[in-house]
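I have a structure here, written as structure tokens, and I will follow up with some questions on it.
To keep things simple, chains are lettered A, B, C, D and E as they appear, and every chain counts its residues starting from 1.
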Amino acid sequence: MWLWFSKLGSPRWFYELSGRWLPWLYGAMALLLLVGLTWALLFVPEDYQQGHTIRIMYIHVPVASISLACFPLMAIAGAITLVWKMKLADMVAKCVAPIGLWFTGLALATGAIWGEPIWGTWWAWDARLTSMLIQFFLFVGVIALRSAIESPDAAARACAVLAIVGAINVPIIKYSVEWWNTLHQPASRISMDAMSPNPPEIWVPLLIMISAVYLLFVISLLLRTRNEILVRERRSQWVTDLIARSQS
Amino acid sequence: MMPDTDPLLPDTPPAAHAEPLLKVQSLFCERDERVLFSDLSFSVGSGQLMQVLGSNGSGKTTLLRIICGLNDSYEGTILWRGMPVTDQRETFLASLLYIGHRVGVNRILTPRENLRWSASLHTPVDDLRIADALARVGLKAFEDVPCRNLSAGQNQRVSLARLLISPATLWILDEPFTTLDVYGVRELERLLAEHIDNGGSALVTTHHRLNVPCAVERLNLDGVEQPL
Amino acid sequence: MSAGTVPEVSTWGAFVATLRRDLLVAFKRRNDLLNPIMFFLIVVTLFPLGVSPDPLELAGISAGVVWVSALLASMLSLDNLYRADYEDGSLEQLLLSPQPLFFLVLAKNIAHWLISGLPVVVLSPLLAYMLYLPEGAYWTLVLTLLIGTPVLSLFGSIGVALTVGLGSRGLILAVIVLPLTMPVLIIGAKAVTDVMFGLPVGSHFALLGAMLAVALSIAPLASAAALRISVN
Amino acid sequence: MSAGTVPEVSTWGAFVATLRRDLLVAFKRRNDLLNPIMFFLIVVTLFPLGVSPDPLELAGISAGVVWVSALLASMLSLDNLYRADYEDGSLEQLLLSPQPLFFLVLAKNIAHWLISGLPVVVLSPLLAYMLYLPEGAYWTLVLTLLIGTPVLSLFGSIGVALTVGLGSRGLILAVIVLPLTMPVLIIGAKAVTDVMFGLPVGSHFALLGAMLAVALSIAPLASAAALRISVN
Amino acid sequence: MMPDTDPLLPDTPPAAHAEPLLKVQSLFCERDERVLFSDLSFSVGSGQLMQVLGSNGSGKTTLLRIICGLNDSYEGTILWRGMPVTDQRETFLASLLYIGHRVGVNRILTPRENLRWSASLHTPVDDLRIADALARVGLKAFEDVPCRNLSAGQNQRVSLARLLISPATLWILDEPFTTLDVYGVRELERLLAEHIDNGGSALVTTHHRLNVPCAVERLNLDGVEQPL
């Protein structure tokens, strides 16, 4: 176990392993995305109320659900950085922040685009929307702090502290926001209940899209992390060898 | 590089007294991809004064901050009385007095108030001791002037007064002679000599030739002579 | 100055000395005492000016405005918390104290709250009156602020500790701290509005209390860790 | 380095160099560019959280809230204007330049506005939308901010210049600057609300324009004088 | 105290060359109700190096800042080429270069960018000159490193590079040797000597013995020997 752990901490090992995984991940994602998108865009029946706009769901829901996973992931990586000083954990923490920001932004954007035809407004101070917005701010804070601190080592630990404090806060924020607005606008709440009576034609492609976007997330995280590994280890022997090999 | 057991073995440096208090073993540090020092080992015993030399940017300040624990981007071991400092932070800090480039003097407070707080962080002392210390560093008339109204050298003196009220064994001073006038320099040298006489030890960076009655070890961080 | 003896140390003494020192600095610069109040007052007056002087409209937003202003006042005064110490080197001395950093940081946070949080709490009824807050909500407002502002100081302290070594000021601190403190704002302001509508507010207070307890136990730790990182 | 000859000097060159330098510092710390916008966004978010998420209620206060937030964002970013220069001694160098201080100060103020004022203006429609500002008032809001924020930078600069030598931060600046800038806030917000009610707003714009003209000609002088005093 | 007309009269100080550039007449200054100096008169001619001496807190920094016009709480007259400086601020500033306790180096920018801006405030110079100047002060490899990543002495060197790109006649330097290593000290002394040779003049405070080939005048601000 400990061996595995220390091995996992080795950027080189991670780089090589992920290099072997990537082609498979690419393939799987391409397949799922192709199936999911064609199904969602061409074959899913029009909703009797929402019309074609229902198709935005196939982007919105996967993106939104992944964005929720990013902050906890960052906090866990941060905790590992602080406790075991594992470099790889910090690289992951660093790379997941912008991805989380993008996915949160995308969820906000797709939600807004969807909301326009459904609610007649791009934005409402609904509980879920608001907590997403605050999460967006939290990501911005972490990224701003990372870019403001110049020493990578100090930045790693400072961001880890912030991510952990933020992660303790995320549930509190979510709870307080939800509880804050249910009195005023219970109608605009989104929930799985709305989906349950729906037939499999609707939720099967959704599941496919969720898996596809999850893979997209994993791939982008891997690519970013690999890039980060190369940058940080650029003076180590194996990276120099790698560069020499790729150039010849 | 150095034997890490018996300090009485013949290859210990001549001035190292009985027991090496601080021991630095194969220290490595790089900043901005420039190696500042690698495999640096030395020890400071009680009653030993070590002057750290090196040209600008050679890593003197960095070394001192690493030893104090203010900077932890290094590899290697630092031992205090034979135990790694990381395992006994509090004990080590209780025997340490550090004065850095930034003197640690609040500009709103008076010298007296500044010293009172500094002391309370380590060992509280009574006001008489503080007044004595301030008088000895030449601030007799300035005890109750806000430090922002003092000159650069006077502020430096406030921070040096800490040396007089602290029971610390190890002094780590980063360019303490900066902005001191000739009297101040002489007084600080006298303080250093007293401390060494009493069995304390000190690690000091300065570009100036120390004029003290005791032996001064030199640690030079310059790999090559600087071309300037 | 005898070498070799570890001096007897006193955590409580260091705690009190640090608390007293920070209060002393604030009292010597009387501005530090006056400014949070003045800022609070000015920001609150911005609203009748910018929004509308209509009593009814103001009454509706009064609780929120007072709370938002308290939040901003607390955040603005945070900058003083470690900055001067960082710049003059006192922070290094603090970190090199053999005393547990947790308590020294806590002492500084308490001093900060006494200087900038408490006056705001005391002044809040006056401002609430100026904004036509309904009679019955005064005590709730004061109480929520009394419990909430220490949380703001404690959380804010983490943000300042993380950013104290950076050249740029104010804004990055706000960007980090404000999102973290939004729950306090939501619950505090909600409690006051709920009282205005005659709703029960016990659970709000329980929540605020829980937040204060969590903040008291965790925030100084996080601040201490952050300070070590910043000084590095 | 021949002694005795007075070197040829170029005010325009010094103006451009100073402007470019301040922008360069901001670009190197990309935060400086992002933070005013984020702060603006976050502060605007505080109001629905604190006051009420109700569209109708928010629409009523939206103009005021956007203006107050712009004012606060401008003020918070002001702290960067001379502080770093004061602390590292660059300010002394600025004062010892043979070039007229008026233009050097103006260059710094323009840089400050480009970094912190302009982004706020650009972002304001989005926030106005989130606060349900009625359709017709968008252009008025953007225009008032476009004319008003430079005035905030220019007046704010006087406040920073006066307080740059003081230890305490943020709050005293706010206490000095906010009252100075209240007229801008009142007129700017009023113009937007008037448009919402279909009233004419020409005179408001005339007033704002006049303020800008006065600020441009007087404020850098006052800032320059204040800087001389502060460095003393 | 001194004749204020013909500099060739016998009672001008021996090293004062043809024309007194800077002339200070019966200067009086008190701070915090302590008189720092009163009726202080001296002059600095072209090709003259004046070292200001005095114990900590005796008013050296205050004197230099008064001459530069950064401090105006004084009484007395300061003449530049025979005219009060207050009547010809711009002309005076164009011939002046001041480096104070705070070095005037922005920590975000690189040495190159810092110098470019400094120069543009007086006389813009091309980048080649700047690179040369930085190389001469020993920062060849550090031209594009943000100054916050430089050591204390390296920052001091950035500010000293200004001496090399400035056409100023009068240098006013407040403890410029602080934190410089021995090479830096030697280089700065060489710079000073060159400047004096070229007919420039300089007013320098330092507690260290200047080791320059030219004559050094001394102005001592201490009324009495300090008791320290």
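Criterion: a residue touches a chain if its C-beta (ideal position, glycine included) is under 8 Å from a C-beta of that chain, and two chains touch if they have at least 3 such contacts.
Computed from a prediction, not measured in an experiment: that's the story for all the values here.
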item: Label of the chain whose CA centroid is most distant from the centroid of subunit C; value: E
item: Chain of greatest Cα-centre distance to subunit A; value: E
item: More contacts between chains, A-D or A-E; value: A-D
item: Mean-CA-position distance for subunit E and subunit A (Å); value: 58
item: Geometric centre distance via CA averages, subunit E-subunit B, whole Å; value: 31
item: Geometric centre distance via CA averages, subunit D-subunit A, whole Å; value: 36
item: Distance from the mean Cα position of subunit D to that of subunit C, given in whole angstrom; value: 26
item: Touching two or more other chains - residues of subunit D; value: 29, 31, 35, 38, 42, 45, 49, 52, 84, 87, 167
item: Shared interface positions of subunit B, touching two or more other chains; value: 73, 101, 107-108
item: Subunit A, residues touching no fewer than two other chains; value: 134, 137, 140, 144, 148, 151, 153, 177, 180
item: Of subunit C, residues touching subunit A in the complex; value: 155, 158, 162-163, 165-166, 168, 172, 175-176, 178-180, 182-183, 186-187, 190, 207, 211, 214, 218, 222, 225-226, 229-230, 232
item: Residues of subunit B defined as touching subunit E within the complex; value: 31-32, 54-57, 61, 101, 137-138, 142, 145, 149-154, 156-157, 175, 178-187, 207-208, 226-228
item: Subunit B - residues contacting subunit C, complex; value: 46-47, 68-73, 89-91, 93-96, 98, 100-109, 113, 116-118, 120-124, 146, 164, 166-167, 169, 194-195, 198-201
item: Residue ranges of subunit D in contact with subunit A within the complex; value: 29-31, 34-35, 38, 41-42, 45, 48-49, 52-55, 58, 129-130
item: Residues of subunit C that touch subunit D when the two form their complex; value: 29, 31-32, 34-36, 38-39, 42-43, 46-47, 49-52, 57, 60-61, 63-65, 67-68, 71-73, 76-77, 79-80, 83-84, 87, 167-172, 174-175, 178-179, 182, 185-186, 189, 193
